[in-house]
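So that we are looking at the same thing, I have put the structure below in structure tokens.
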Amino acid sequence: MEQDNGHPVAQWLDRATEGIRFGPDRKAVRAELDGHLDDKIQDLQRIFPDLSAWEATQMALSGMGDPEEIGRELAKLHKPWLGYLWRASQITLGVVLAVGVCQIGGWLWTQVTAPNVGGTQDSWAVEIPFSGGTVQAGQYAIQAEGTLCLLEEGDDLGTLEVTWRASSPRFWESPSYNEYWWAEDDQGNVYISRAEGRMSNVLRGLVVDQNGHNRYREVYGPSWRRSGLGWWDDGQVSSVPRDAQWVRLVLDIGEEPITILLEREEDGP
Amino acid sequence: MKLDKGLIAGSSTLLVLSLLEKEDMYGYQMITELSRRSNDTFQMKEGTLYPILHALEKAKYLSAYQQEAPTGRVRKYYAITPRGRELLSEKKAEWAQFSHGVDQVLSFT
Amino acid sequence: MKKRTLSRKEKIARNLLLALCFGFVVWASQGGPMPTAELTFRQMERTRFLARSEIMCTWETPLSVGELGTSSARAVLVGRYTDQIAVGCLFQLNNPFGNRLTLWPREEEITPVPLSALLQGEDGTLFHVLLFLEVPEEAAGAQATITGRIENAKEPVETIQGERWADGVWAFWFPIDSALTTDGDLKYGTKDLEGLPYTLELYRTDGGPLTEQEGTLPENFQPGVIYDPGLYDVLNDILLNQ
């Protein structure tokens, strides 16, 4: 600690360390020299009890040497550049962490406050599994599997509940929401895309069920939700005949259409 | 490692390194030990010790750490590194040669 | 007690490495935003399972982010495939969400493509923009005439001079009068430029006529547009479909 009447000590220390430009370095060297002077002054007062504090201080300082000269040497040794770079690296890391925490925090908030998706029906009367397939679409591996679900035992049309999965080496690039998936089955039925379904006056894809109700044959494509490093979503193909043997999902894009075949796994009821 | 010749080349380096050969010390401790061992022959300007210590530390001949004393003061201790030991033996050999040469000149009659 | 601490250099290296790792995580969590319009366009191609197209034209607005309204695109890119043309309208450069890519059939002759986004002029006016692709290089000037953009207008015919964006790509900016959009009788149709009859006249450097083409502006190749939903769009969709 600097003496109460430490004015000359402080002055000496200032002159000896003012050449050290990087703050923390200057403080450290100053503390070291200050400790030395403290020890020295205490020793002097111990050896010469008659010495006043001021006299001891003067003796100690003169024994230290020329602060300017020492300061020059110290300044040459303690160049600030590495210190500045260290500061810069700390600030960079701090900024990135702060941004990261905000983003992750925001994302967590949306996960927590997102409403429960109440989508699918829990109790189907009949469930017929359809085995899925995987197809490569550019950088993505897309997989689909399905279950043909009938609401009642006697229904002739059901809903094919489809689970989509996708993955890519570029795991940060989510596939786009696409409304152009359509489908066909072994009976020649065509299931229109959501995009087509949005247009008015669409007659294609219309079918009448056993109760005389109008139903749409339509495909609800995936809107891709994050799952680990990949994505998934639930989709549907609506109004599929209970005895359908296979359903092929098709996306017309690029040179060749992307198709996934879902085949019935067992003889249904 | 580029050294300031004025600081490191002198015999001060030899003295500092040999002080730390057996024991880690802090700055003031070295000054008092130097006086004691040399029977007060060596009385360097104490402040000039620190540029030497810092230069040796930067050149990795010494390593340093902080240690708290019983009084509560935190002191910077210096320790010699293996590299420093090598330099020490070099300097010792140099000095032995030098002083032998001086002896020879002085005793030449 | 002696403890080994990292040297300053090691600390710097550690900090920068950590910053890089966290930075990557943050970047990836945002969907991997790309720094330029072209890279964003390439990303849009990939996420729509499209192959890499040959980029014919990149247009970026001279306006700064602050000056640009939210409803106008800041960059337009046109990419060519063997049988299709992809037109990307980017609203945010560094954000994969919210941008639009539309596909149009590619023809032998000059292909008209109405942009699916509005563009903003320097004075803040918004424009419906019509592109013509595969325009012969000899064309030094171009003029496009459309009819019926404004419903119930006394003068339904509009003619605009074109500006050349790139080899074979010409753009025609049709101004939107903000007074009209709120008016009852006189208003812009819901289809913007799609389905309107057009005439394109091309001129040589000497001012003489080069060629002329007539037709009807196409509806989008695929009805609706493919776009990247933002996080909130997806949530909205979930809410609506409950």
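All chains are identified by letter, namely A, B and C, in their written order; residue positions are counted from 1 within each chain.
FYI, a contact is a pair of C-beta atoms (placed from the backbone, for glycine too) under 8 Å apart; a residue touches a chain by one contact, two chains touch by 3 or more.
Since we're looking at a predicted model, the values are computed, not measured.
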**OP:** Give the identifier of the chain nearest to the protein's overall CA centre, each chain being represented by its own CA mean.
**Re:** A
Original post:
Measuring centre to centre with C-alpha atoms, which chain is farthest from chain C?
Top reply: B
**OP:** Let me have the rounded angstrom distance from the C-alpha centre of chain A over to the C-alpha centre of chain B, please.
**Re:** 54
Original post:
Just how far, in Å, is the C-alpha centre of chain C from the one of chain B?
Top reply: 73
**OP:** Just give me the whole-number Å value for how far the CA centre of chain A lies from that of chain C.
**Re:** 28
Subject >> Touching residues (chain side chain A, partner chain C) in the complex >> reply: 82-83, 85-86, 89-90, 92-93, 96-97, 99-100, 103-104, 107, 110, 114-115, 117-119, 137-140, 170-180, 195-196, 198-199, 223, 225, 251, 253-255, 258
Original post:
Which residues, counting only chain C, touch chain A once they are in their complex?
Top reply: 8-9, 11-12, 15-16, 18-19, 22-23, 25-32, 43-44, 46-51, 81-82, 84, 96, 222-224, 226-229, 231, 234-235, 237-239, 241-242
Original post:
Within the complex, which stretch of chain A touches chain B?
Top reply: 16, 28-29, 31-33, 35-36, 38-40, 43, 63-67, 69-70, 73-74, 76-78
Subject >> Residues of chain B that touch chain A when the two form their complex >> reply: 4, 7, 26-28, 31-32, 45-48, 50-51, 54-55, 58, 73-76
